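Down below are the structures I want you to see.
Shared between the two complexes below is chain A, which pairs with chain B and chain C, respectively.
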Partner chain A sequence: MLGESSIQPEWLSEEVKTGTTIIAIGYEGGVVLGSDSRVSAGASVVNRVMNKLSPLHDKIYCALSGSAADAQTIAEIVNYQLDVHSIEVGEDPLVRSAATLVKNISYKYKEELSAHLIVAGWDRRAGGQVYVTLDGLLSMQPFAVGGSGSSYIYGFVDAEYRKGMTKKESQEFVVNALTLAMGRDGSSGGVAYLVTIDQEGAVERCIPGNELPTFFDQ
Partner chain B sequence: MSRGANAGFDRHITIFSPEGRLYQVEYAFKAIAQSGLTSVGIRGTDCTVIVTQKKVPDKLLDASTITNMFRLTPRIGCVMTGHYADSRSQVHRARIEAAEWKYKFGYEITADMLCRRMADISQVYTQNAEMRPLGCCMILVAIDPQLGPLLYKCDPAGYFCGFRATAVGAKQTEANSYLEKKLKKRPELTFDRTVEMAISCLSSVLSLDFKSSELEVGVVSKENPKFRTLTAEEIEVHLVAIAERE
Partner chain C sequence: MSSIGTGYDLSASTFSPDGRVFQVEYAMKAVENSSTAIGIRCKDGIVFGVEKLVLSKLYEEGSNKRIFNIDRHVGMAVAGLLADARSLSEVAREEASNFRSNYGHDIPLKHLADRVAMYVHAYTLYSAVRPFGCSFILGSYDEDDGPQLYMVDPSGISYMKDMTCRELVKEVAKIIYIVHDEVKDKAFELELSWVGEITKGRHELVPKDIKEEAEKYAKDSLEEEDDSDEDNM
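And now, the complex of A and B:
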């Protein structure tokens, strides 16, 4: 009745996507970014430990989602542009500059590319900031979620977010959100990666699956 | 072999003279001395130091906006001697070349490769009739993770080389002799000794007692591989140490 299955496995012809959960939140004095680590091609997991938090500069990171190749390429190009820009200006670039560079590429090639990057970091002028660049728009937000897993946690983040959280509370918030999303989204999973950025710099952390918090399923 | 063969253009554009010289390139070297400044670079055991004069010709100028020391990458710095506008153009090009290398190959360019690239670009100007060579000379410094402290220089002729110590500018001949004499016995070159030797070299050939506001000092060291310029207070400490030794 249904069409017969093709001779080749499906995942060979599927685009490699970072079906993902990514999240970034600003707190007093910095930002915390978090991501899962699953890269899928259709129903097959091709990398279960990919770090989707990519540095654009010392204190500016971006979280990748959508097509893996598109997102990585955008991040590398913006990293190159920020290298030149920051050396010419003689100081650390603004988070807004990084986000604008990402947005310009996303907008110009919006028909060809399929990736969404959340840009977050710390700069001297405005402290910790989080920007979304979906489809080529640029918008600063107190926090942002993205990727396929984000749909499952909109309720959670909307209810649980409070202004003026401390660094530790923000890190817990991110880990909880990631865990909940990874628990329900088939395209998100693996380990959780965290990056905390403040005036001192960026600190990366990896939380393996067995150290993530448990919720109803304990 | 007749002098009429080039119709006298060999002095005006970069083509060979009958004797095999490139006059435009030689004039470019004269332009470096024209600026009136001298710069010195010395490679120590664990550091490399570059020093240049800071002359503020006009009382109305804001001295903090004038500099001849430039950062090319976080770990590579340079001092430019010669025509100021040409210097800035070369620095800009070097920064772009370094960033492009990192983007294309995935790792940071080293000082010797960057110097080679800048020298190759300068060489093109000595063959193009429509573009003149740049009237400036670049001394690069960095700490290479494998090779240790590096000191490289590239000039308008497209020639580049690594040095233990070198000088460029109006008083380069005298400064180079001074450096040769001081380094003959291969002395122990700690960070402080290297900085003080570079400053003393300039003081000696220019017969000037410097104030800390009249000098720019750029350093890279194994403890701090990022290129940085010393503040006026730090320079003062070294000037005092030099005075006390005499």
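And now, the complex of A and C:
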């Protein structure tokens, strides 16, 4: 760009990460997933509107974080496996099945991959569930946060989470958590994506930056 | 119904002119000639009963079981060639184990029945192998789907089939006792198992005391019927 054609901009050789904030929370009758939309390569933002909430099946979504390529590929593979599985078994897959499939890949290739997916959804046996699959472990939790931005909001989520929240309260919880994280983490930002999943299906929503809640410094 | 398929019955890879595969039909004969196995579904579970013919007095009680456990929640009762049945039970166990490993939960009964039926069917396609000479009944109970029963026969078809479990155990024992032909076969041992709400979804052999109560009930009702027969004469 400065006349030296042999030198490429730094960001082309940086790994593309979804330095990210992702969050998922279960409520009575469903789950809410949320993510930011920033994809960075080093100090450059290569995509400011990426939706990191990826469908694995009609009522099961996963939230991507870590290396963008690794996370997307895992999600695509599991999407395919769940398609086949649901046809073989003749009914909608369990969230536990989806999470186990993600966990199996994450564990088997843990040395090569660098991605953390949070799997959440609704099935008829156990209702809304949230699973964490970091590094190949499988753990069901009432809520989960992930990505680089999550470090800044652990205090917030631990203090504000209550059992038995309604759908609306869960959505507000997610939006607040995302906003706070995006405000402090340089690798998170852009818009907030929300997916709410219950017995009826999955509803996606995008909240642009100017419609996010404001806190003390705004 | 028995017909001889001379010339067309030497291998499973040959059709007869009227469209039958005789090897598969002969395999089903092995099942017909074996002793009885029953599975009955009631509103809160399944009960299996098998008339286990005792071929020698030297056999210990409880040997040569014909009811198998496939994973914790599925029971399998077999009729036909016991060796074939044993190998199929291993196949079923592997399927259930792989499913649990890949998907993290109990294998649904329909899926297990389909997978084992596919395996059985594969052995009816080639001349290098023979069909399995056994039919079996798979049964399971879980809270969401309730009790379910599936049957698989040597051709590889699987198909689906109200009392409580506790009462049903006695009736199953009675059926086996009635069906047992004293003239044809001498001694037999009754094998009983169940899976249902009463066992919290785990397939288990019926406990000794309940089994003895059921056998007593079965023997008593047989005697009653014998008595009424004598009156008629």
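Note that in this section the second predicted complex is superposed on the first by the 210 of 218 C-alpha atoms of A that agree within 3 Å, B and C clash if a C-alpha of one lies under 4 Å from a C-alpha of the other, contacts with A are read in each partner's own complex, and residues count from 1 in each chain.
Simple rule for what comes next: a contact is a pair of C-beta atoms (placed from the backbone, for glycine too) under 8 Å apart; a residue touches a chain by one contact, two chains touch by 3 or more.
Predicted model, so just to flag it, every value in this text is computed and none were measured.
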Using the superposition on chain A described above, determine whether A:Glu88 touches chain B (first), chain C (second), both, or neither.
-> both
Which holds for A:Ala99: it touches chain B only (first), chain C only (second), both, or neither?
-> second
So, does A:Leu138 touch the first partner chain B, the second partner chain C, both, or neither?
-> second
Thinking of the overlay built on chain A, is A:Arg125 touched by chain B (first), by chain C (second), by both, or by neither?
-> second
Determine, for the superposed model, which of the two partners chain B and chain C contacts more residues of chain A.
-> C
Of the partners chain B and chain C, which touch A:Asn79 in the superposed model: first, second, both, neither?
-> first
Which positions of chain A sit in both the chain B and the chain C interface?
-> 88, 90
Flag every residue of chain A that touches chain C in the complex, lowest number first.
-> 85, 88-91, 93-94, 96-97, 99-101, 103-104, 124-125, 138
Contacts from chain B onto chain A in the complex sit at residues 71-74, 92, 95-96, 98-100, 102-103
What does chain A use to touch chain B in their complex?
-> 76-77, 79-80, 83-84, 87-88, 90
Okay, in this complex, where on chain C does chain A touch?
-> 102-105, 108, 110-111, 114, 144
